[in-house]
Structures are given as C-alpha cells and as structure tokens.
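Multiple structures follow.
In the two complexes that follow, subunit A is the common piece, with subunit B as its partner first and subunit C second.
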Partner chain A sequence: MSHHRHIPTLEEDHITLDELGPRTVRVAGAIGVVGLALAAAMGAARGDGFASFGWSYLLNFAFFLSVSLGAFFFVAIGHVMGVHWNVVARRLAEVVAANLVYLVVLMIPLLLLAGRVFPWATGHTETPAALLAIKAPYLNQTFFLVRWVVYFLIWCGYALWFWKRSLEQDETGAPQLSVRMSRKSGLALLLYALTLTFASYDLLMSLDPAWFSTIFGPYYFAGSVVAFAAALTVITFWLQSRGRLTKVIHTEHLHDYGKLLFAFVFFWAYLAFSQYMLIWYANIPEETAWFLRRQQNGWGWVGLLLLFFNFIVPFLGLLARSVKRHRRGLYFWAVWLLVMHWVDLYWIVMPEFHPETPLPDLLDLLTFVGIGGLYVAGIALRASGHSLVPRRDPRLDDSLGFENA
Partner chain B sequence: MDATRAMEPLDNTLEDPTRPTPLVLGGHTLTSLTDKICAIAEKPRPPRAWYIAITASSSLTLVMFAMIGYLITTGVGVWGLNNPVGWGWAIVNFVFWVGIGHAGTLISAILFLLRQKWRTSINRFAEAMTIFAVICAGIFPGIHVGRVWVVAWIFPIPNYESMWPNFRSPLLWDVFAVGTYATVSLLFWYTGMVPDLATLRDRATTKVRAIVLGVLALGWRGSHRHWHRYEWAYLILAGLATPLVLSVHSVVSFDFATAQLPGWHTTIFPPYFVAGAIFSGFAMVGTLIVPIRKWFNLEDIITLHHLENINKVILATGTMVGFAYSTEFFIAWYSGNPNESFTFVNRAFGPYAWAYWTMVSCNVIVPQFFWSKKIRTTPWMAWILYIFVNIGMWFERFVITVTSLSRDFLPSSWAYYSPTFVDVLTFVGSFGLFFTLVLLFVRFGPIIAMAEVKTVMPVAALEGESKPIGDYHGDMHDEPRHLREKE
Partner chain C sequence: MDTSAPNLYGILIEFDHPERLVNACRKVRDAGFKRWDAHTPFPIHGMDGAMGIRVTRLPFLILGGGLTGLAAALLMQWWMNAVDYPFLISGKPLFGLPANIPVVFELTVLFAALTTFFGMWGRNGMPHLYHPVFKSERFRRVTADRFFIVLEARDPLFQLSKTQEFAASLGGVAVELLED
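Take a look at the complex of A and B:
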C-alpha cells in the first residue's frame, strides 16, 4: 500500500554526471566529427555539389531538431500547468531543449547548402515557374535565413532562460522562480507554436514547393513530442544503467513517460489520418500529387510501415499498464518509436529527392551519426557539473513521492 | 475542525508552488458539504427566480416546437436557404451545439486522466450541460432533412427495399460519431452520479423521493466492492471517452473538409474544430456557472481558482483557434491557388465581412483579455467575455458554412443568404430547450459531484491516509463509512 512505500531522497542517489560527462563529450564528439567528416568526404565524392549530402543532412537535422523542440514543449507545458510529476525529469528536458543552441551551429551547413538543396532554390522541381514566382516572396533564400534567425532567437532565448532560472533555483531554492517560469511559459508556448509551424513548412513542406497542408505544423509537433518522450526514456535508461538517478526516477515516473508516449503516438496517428483521409477523399490533384509520390516505386511500403509500426503496433504495445511500468519494456518501445520517427521524416523528405527508390543511402546513416554524435556531446557538455535534478524545486517532494493510482 | 483549516486563506488564486492549492474553501467538513449540495435539490420549493426562469425558457422551447411544426407542415422553403447556400442555420446551429457539448466530457475524461483535481467541482454540471447541448444539436440535422417522417433512414436499419444510407458520406459518420458520443457521455454522467444519488436517497424524507432516487441509485450501498467497481468503470469510461472528445468534432469537421470547396477543404479542420469546440464548451460552462455559484452560494466549492482555470483553458483554446485562422489564411496565399485566396479575402472583405470580423474579434481578441489575472479572477468580467465567445463561436460556424457557399466557383450563381424569422426563432427556441433542461437539473439533481469533491478536500487527507500527490480516485474507499458515522 502507498503509505508503506519508501519515498526516495536526493541524498541517497547519484544525481550528477561527474566523470561520465567529459567522457561522453569526448566519445560522442569524436564519433560526431568523424561521422560528419566521412559524410562530407562521401558527399564531395558524389560530385553533385553536395546535394545528396545536403538532403541527408536536412533529414537528420530535422530529426534532432524535433527532439529538442519536443523537450522545449515538455518544459514549458510543465511550467504553465504547474505539473508535479515531471519535476524529477525536468532538468533532463531543460538540457535537451537548451541543446537548441548547438543546433544553431549545426544549422550552418544547411544554410550554406540551402541553394543546392531546397527545390524552390535549385529549380529542380516539377512545380511550374509561375507558381514558384507567386511563392517567391516567402520561398527565397534571404527570407529563409531571416526566418531561421528569428526561430532560433526565440527558441534559444527561452530554452536558455528556463535553463538558467532552473539552475538559479538549484542555488537559491526560491519558489518565486517557479512562479516566474510559469508566467513566462504562456507566451513562450504561443511563440513556440508559431515558430515550430513555420519551421516545419520551411524545412519539410517546402521540399515540394507546390504542395501545402494546413495540418503540417501540428503533424511535426506531434512527432516532436513523441521523439522527445522516447529520447527522455532512452536518456533515463542510459543514466540509470550507469548508476545515476536510479532511485529518484522510479516506476511511477516511467509509467507517466509511457502515458505521454502513448498519448502522442495516438495524437500523431490522428493528425496523420486527418491529413491523408481529407486529401484522399477530396482527391484534388494539387494535393494528391504529394501522396502519389509516396505511393509509387516502393514508397507505398514505407507508408504502410508508418501505419503499422508508428501507430498500430506501438499503440497496442504501450496500451498495457504493465508495459509502461516495465523498465526494459518501455525502453524497447522508446527506441522503436525513435526509429519510426526517423522513418516518418525519411518518408516526408526523401521522396522529394529520390522518388524512384525508397532505399536509404549510406549518407543518411553517416549524417545521422555525425549530427547525432555532436548532439549527444552537446547534451553531455551542458549537463556536466550540474545536478541532473532540479534539486530545490518546490514541487520536487511531490514529484519524488508521486504515485499513479 | 482544527486551527490550520480555520486559517486557510480565502484567496486560492495566489500562485504558491510550495503547497497545493485548496480547492474547497469555507472550512467544510464532509457532512457540511453533503448538506449544502443536497439542500439545493431537497428544498421543498425553489426560489421565485427559478419559476420565472423556467417559465421563460419553456415558453421559448414551445416557440421552437411551433417553428418546427410550421417547418414540417410547410416545407424547408420557410428557411432562408437559396440556391448556392443549401446549408444554412440548421448546420450552423448543429455544429454550435455539438461544440458546446464538448466541455463536459473533456472535463470528466481528459482532465481526469490528466489528474486535474479542480475538475471535481464543475464536472457534474458540465457533463449535464454536455448532454443537454447534444440534445439541442441533434434536433437540427433531424429537422433539416426535409421529409422528417423518413428521418429514420439516416440510420442503417435493415429494410425490405434494401435501402441503405451512403456509408461514404461524412454525414452518416456524423450519425455514428454523435450517437456514440451522446451514449458514452450519458453513461459517464450517470455512472458518476450513482453515489450521489444514493446519498440523496438516504436523506430522502418523502416516500416518493425515496422510491425514485432508490431506483436511480441502482442499489448503491457504498461497500468496498461497489467503490472498487465504480473506480474501474470510471477509469474505463474515461479512457473510452477521451478519443471520443477528439473524434466527434473531427467527424463534424469532415462534413466540410471532405468537400472540394475552398474554405471547407483544409487539412487542419479536425484539430481546429476540436479546439474550437472545447473553447465554446468552456465558455458555456462559465456562462452558466458564474450565476449558479452566486445564486446557490457555491463560491466556496466552485471557487475563483476554478474560474481562473476555466479562463485559462479558454485563453489557450481561443488562441489555438486564432492560430488555425491565421494558418488557413497564410496557406490560402501560400497555396498559390486563386480560388483559395479569393475565399479568404472574400471572407474578410466581402459581403460577410461583418460576420467575419465579429468572429475574429470574439474568438481571437476577446480571450486575450484572459492574460490578465485580474480579469481571470473577476467573475463578472469573465462572464462578459464568455458571452462574446458564445457569440463568436456561433459566427465561426456561420462564416465557414455560408461564405464559402454564397460565392462558389460560378460568379453568376452567387447569392447573399439571409435567415428568415423561422430560422431565427428555431435557434432562439433551442436555447429555451437548453435552459429548461439546465434548470430542471439544477432543481432536482446533485449539481456538484459530492463524492468526488470530498476526495480533494483537506479533510480527506487528514482522515484518510496521507498521500503527497497522485490520482485521488481510489484513495477514498472508506468514505461512505465516514459519512454514515457522521449522520
């Protein structure tokens, strides 16, 4: 029964990275640098002006960006709603969200290659020139750059602000900081919704300059939250298997990770169905062209992969309470959903680049390892030297003692 | 009962992350809470104002039935429909009422799963309102079919002519979606009410009350086993109802979005309609709850903190609706499709610009006032904003339905739509029906979920086992025994 349960304290747990931090920065950083170097070399060897490199890079950038954007949401929605259960996990989310700062650096290659990657810039597209001319006030390289500066200013500004206030609270323990973070979160979420939506248009929807779908922003958002919930599970598992946070984050929290995953897997499917069904039903050529490309030359199998393995199977898999409370079971589904989120983005990006085959390229893997290595190094770098739990948050005790009925 | 509770601050809207917000004020004990809420339904006579109100609302209901009678005996020509605008107020009113019917199940199902304890003070009432709104909604598609005597054909009933409805039509999906929603909402409402009906039954002073409430309470005795089953039923119903909250208005949005008409066909419609439904539903909850908490002195149970949370939900969903409007507008331009951009420019600057700007002002600008804590926590100010939201959300459906139809692809067929007095009176009359049902429920039913509110009272933590936080359902299995000891 509940009142006999032991409620963990921070003192009995290991809540800093210590030697794990620098080691992870070195190893992941080295993997990242080598991965990107190999990818760049391979991209150069292709002799296509880094176009294939750029596409793979874009795909994986969109993937890691979505993880950090999901973390941003997790932090802000928690503050705005005064959430208790997630306090023990919030520092991890703050770290991942603040990784947006390093994504600015990782965005630079994409900005440099924009003229060779985005079809509205290269002109390698079936979209008629007249239509491109209509869209040119939005789809042009200068405005693209300006928009990304704005997005990152907003994202990094808030993510760093949350990170710093949270660290400040580690020192002072002032409850007033929680109130301030809560007040800041409302506007943060509004700006987040706007910037994420336009970022998804810029990065993904505009790859077919003729195509448009008003649900596209929410679609990328839903995927982002799934990706972060999965990443949070993986990070927690990784830390716990190395003796960190083994008591502070317990089954009750994992159960809620699982619920979050489950809810947003369902939400993703709801949005994906809405988008597909409405376009299929109305059958207007300017909209169906996008899906048609994803139903030919074997791409239809990737779509079915998404239907079954990004919705039906994980939906059934995560349905049971026992799975969500089973550490390895939850870890399994988290890794699964991260892979499937990548497949989802692959299915969005690559049919625009190589519609003739759904098979991935080695460059996709190398850029994944490259960006991913640096991304992980960034997380470890930021987390080093700080508590992995907001140790003086006024709601921490509630979170430590949290229990699902 | 003890000193700490006597010192409880009356203002529970202060943000203090160091301790949980008190959700019930006024130093209530479990018994005093029961007495207070039951008294509303047990008074031999309601206040005079109630009689005046129900006279007005039931008269309006009669007006609606008169209009429906006139419609059926004369034909749909009595409505303002014209050639391009074949869907007028009937569909607008249908979507309006279904939208309002979203708050109750959201509060009882989704907020339950999200462990939002404050929901307990308002969920019962909101669920009742949901059922009544869905009843009002159901009338309009029923009467707009033209030949009402064959309205049963909208259901897939086996028949000797093998006549089946068109399963590929979103209008039929609506029949299923709304029918399922109404059923589950009704079950949810009733299941949640059983323990409270039993409380009323146990307190009954007349034979008639004892028998009627006894039947309705389904033999509830408050045993551990009853509570155990009840918690499970509640959790399962919450799980089932959660996707329904999304699905109903998504399917309603399909009525429009599966078409090829600019302004109707856009992929954001499902989530955008759901956000709008929650928005309008909460505004209607607020519209009713502000006067009711005043008239029945329920300010210590439906506190300012509750109102503030309602207002935050309205701010969030209203902003989502505004976000959807701007997305539609941007994509209409971005699509490069002249029909799309024409439709949206026509909405904002065409003959229905007045309706469009009414919609934008009420739905996007008005809720922004809720950024102010002063307005969020001042009931009369919030109430004025609720009224605007109600108006705005009706206009949203009007703008969507009528502007796109009245100026379609063929300029020679364009026509301006105006309602007739029959349209207007039928709609006004539906409010009569809605308020009549609300008034009857307020008079006879347990308008606050007593059993649930008790679980979030500080006295529950004192008398029961101490739990820091978590799901409160399932904590209080012994509660009926507490009650019985006191009575």
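Take a look at the complex of A and C:
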C-alpha cells in the first residue's frame, strides 16, 4: 500500500513451465486415458448401449467446455475494455480458451453417442411424438452436428487467433497487435454470445425437448465465468506452489479474481432466480414440468443445495475484502465454487436421465477424471515452451504495478 | 490544544511537489498529529498510508443498510399482501417468497446504496460549505499545481511556536497561519 512499494519485474520471477510442462502432460494424460478407459469399460458392462456412459460424458463435457468458454470471455472482454489489471493473468486464460481445440476431439464420443443419449433422438422422453416431429427440423442429428461444427469453428478460430497474436507480441512487442486484438474482440463477443446460447440449448436444454427457457444461455454463461474464475485461481495457486509466477501475480490480482468470482456468483443467482420465478409465476405446465422433475424423488434437495451453497454461503463468504485478499480464503472458495458448478450442471442434466434418484453414479466420477485429465494435459501441452505472461504487452507494467483503490 | 490564539484555525504548509508532500505527511503522522489534512489537485497513490488513515469501516454500515432494506421489503410485502389487503392472485400464496424476492432485491440494493452515499457524507462531515482554507490566496493553487497540509489548532499536540517550527521543517515552500 505504501508509496514506495516494490513493483515486481518479470526478470525476478520464473515465468515458464519448463520441466513442469511435459511432466503434467504425462501424468494428467495418463490419468485421463485410464479414467476414460475405465469409464468406457464400465459403460459397456452396463449393457445399455452406452447410454449411462454417454450421459455422464455429456455432463462432464459440459463442465470442461464451460471452463474454456469462461476463459474465452475473460480474454475477449479484457481486450474490448482495454483492461490493465488482468494482463499478468491473460496468458493463462488464453491457454485455457485455446484448449477448445482439444475439446473438439473430446466432443467426438458425444457426437457418436448422440443418437443414444439425446432424448429427441432416442425418443425416450415424455415429450409427445407429435411435438418432437414439429421440432425435428431443428432437433435432428445432422443439423446438431452442423451446428457444433459452426460453434467450434468460431470458438477455436478466435481462441487460436488471440493465442497466436499474443505469442507474436511476445516476440515483436508491437503495440499494434494490442489494437488489432481489441478491434477483433467486439465481434468475437457478439458471436460468442450467440454460439454459447445455442450451444447451451443444444447440449443441455434439449435434454428435455419440450422445455424452453430464453434465459438459459446467460445461465450457462454465468456458470461458465464462475467456473473459469475459480479455475484461474486454482491454476495460479498451483503454479505458485511450484515456484512459477510467485511475484508477478500478487495480492492485488488475487483480489480481482475474488471480485470476479463474487460478481458472477451473484449474477448466476440472479439468472437462476429469474428463470425460476417467471416459470413459477406463470405456472404453465409445459414450462413447469422441468422444475417439477427437479423437485421430486429427492432432487429438491439438490436444488436447495444450489440455493445455499452456490449462492448464499459463497456470497457471504466472498463479501469481505479481507477474504478476497487472503490466499487460503480465496483458494477455498474457488475450489468450493468449482464443485458447486459441477453440481449445478448435474442438476440440469441428470434429472432428465434418472429422475428417480439424485444420487450420482461412479461413471460420473470416472468420466470427470477421464475428460479432466485430458483437458489438463491439453492445457499443459499448449503452455509448454511459452512464457506464462504476455511478456511484452504494452499494458504489462500497469498490470504488474496494479493496486486496488 | 493551544489557547494562546483563540481565532487561529491552523497552519497551512504549501508544497510544490507531490513526493515532498507525501514525505511531509509521513512526518506529521509519525509526530502523532490527529487533527490535520492534506489537499492535492489529484489523487496520490499511497496517501492513505502516508497519512495513517485506517481502512474505512463504511462497509459494515452498508451491510447493515442492506439487511435493513431486506427486512423492510419482506415486512412491507407481508403486511400489504397478506394482512392489510389480502388479494388472491392466480392462486399464489398470499405471502409467497419467490414473488417477493424482486422487491427484496431492489430494496436491499437501494438501502445499501443510500447508506453508502449518506454514510460517506456523514463520516466526512459533509455537506461542508465553508472552510477556513478558502481565505488563503495561496490555497487557490490547490486545484492546479500546489499541494497543502493543514495542521489544525484543535489538535492536542498543537502549540503555536513549536508547531510553527515543526511546520517549517517539513520541506514546504511556504507556511501560513489560518484564521477561523
């Protein structure tokens, strides 16, 4: 806080992964492959045509997709607003956003299993066949595939473009690159909003083909930003515990991670409540059925879990300035919110598959470990050999010396 | 407190550089003065620390304001809808929590915001339409390129001659007595 406080420089810090990169790729990759192999074996043993496996896979794919989409938002909104504080953390976000490229590969099993998972394709749904027929021009496997190709082309195109320009600036230090990234990010955010909205409809909302909620896209978006802010906190602490970025990312930046978490926890609750309240108030059967399913057979407890542990408790927990500036405090809430984001998606996905019980399946855990392992390996692979900070960004000095008022 | 000069408001010290002002503030802080202030044309990083100003306690007040708004909103809606004028709307309960949340949210925010605004006024002694420093010709440059410290006469440590000496030692370009 003092006027003569020490402002860190890149030279006094360790800003590359070095041996940590390949090791993480090996370990996380191995865990991922083993996890997915076990999950696939267990899924095959179920004898349900991989339906259970497919549902668990979908849930965890949606989880890791949301982390990368949150990172995409973090990068693009930073450019469009000309943000200073986040520059030291932007490279980490760029890596996580560019991980969308590997999520294309991880999407393939889901696309192969689409006909056995999505109720509009299997017909295992309360939705009348006549209604499914009306919706078929949108909800069919071919168009589903086409849409996902479009989503990923847009996401990966921008994420890789931002990643490459940022790396180029590491070499040249050209300030024009910042201007170019800033110019690109406006349209990027617009397309992001549209694609994320429709992706959330396709991946999650269509699990009940009859149900619709116009706020569903923002709901998934809010959860995505919480998930990424939490993931960024965890990644930062993990790197710092291994001697990376220990000086360049300091309390002032962590404080802003905390603010981002806090704001989007509230935003999530705001949207979750808006969605619930309007449907509750209007009381139209075709809308309430979705919530009814989430209030029966013990699922109501999961909903209350979300109300208290994904909103009220972390809201109060992150309210104080001192918590956001306290390393253990912030780390605790980041891990907490990552877990609760998973519970949120579980509450969205699984009542459509097993409405009779809210209890999770071992397959949920195995596919989480499987996809998660490969996801982390992808992050480590991309980050290896590059600076973990955009080291010649013209705003870097402002970011290093950043101070909260 | 020095009673030898009853009309004296304090001593004004002028600086021509923010760095010198911040250093002087540290000296005033370390000397133990409590009733004093610094004036600058623009915000200076690290001033709070240099002046020994504690972190504001306003947030606690704001939390109280927000909770009051929350309680007031619930009470108001319960009394209006369920007690004073019970009116059944589309079969909803007369006091149903989901329907009340929007107003609860708005009043929580409103009360918290008003508490922030007026709490800040209160803690800073605003509105403050007159201040003795306005009598000083020198002080006019505070909005352009000069920096000032005012040591108030009501400070327990204030003793005219000794404090004048102390003021002169702070590295300013001018020292002036301020009448109330």
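Just so it is clear, the second predicted complex is superposed on the first by the 403 of 405 C-alpha atoms of A that agree within 3 Å, B and C clash if a C-alpha of one lies under 4 Å from a C-alpha of the other, contacts with A are read in each partner's own complex, and residues count from 1 in each chain.
Assume a residue touches a chain if its C-beta (ideal position, glycine included) is under 8 Å from a C-beta of that chain, and two chains touch if they have at least 3 such contacts.
This is a predicted model, so every value here is computed, not measured.
Annotation: superposed three-chain arrangement on subunit A; subunit B versus subunit C shows a clash.
In the superposed model, B is the one of subunit B and subunit C that contacts more residues of subunit A. When the two complexes are overlaid on their common chain A, residue A:Glu403 makes contact with subunit B and with subunit C alike. By the document's definition of touching, of the two partners only subunit C reaches A:Arg321; subunit B does not.
Shared-chain residue A:Glu168: touches no atom of subunit B or subunit C. In the superposition on chain A, A:Leu271 contacts subunit B only, with no contact to subunit C. Shared contact residues of subunit A with subunit B and subunit C: 1-3, 277, 281, 283, 403. Within the complex formed with subunit A, the subunit B residues making contact are 15-18, 243, 246, 250, 254, 257-260, 265-271, 315, 319-320, 323-324, 327-328, 331, 334-337, 371, 465-475.
Remark: subunit C residues 22, 44-50, 55, 59, 63, 90-92, 98-99, 101-102 touch subunit A in the complex.
Touching subunit C in their complex are the following residues of subunit A: 1-5, 273, 276-277, 280-281, 283, 319-321, 403. Within the complex, the subunit A residues that touch subunit B are 1-3, 7, 82, 84-85, 131, 134-135, 138, 175, 178-179, 182, 186, 190, 193-194, 197, 201, 210, 212-218, 252, 266, 270-271, 274-275, 277-279, 281-284, 286, 393-395, 397-398, 401-405.
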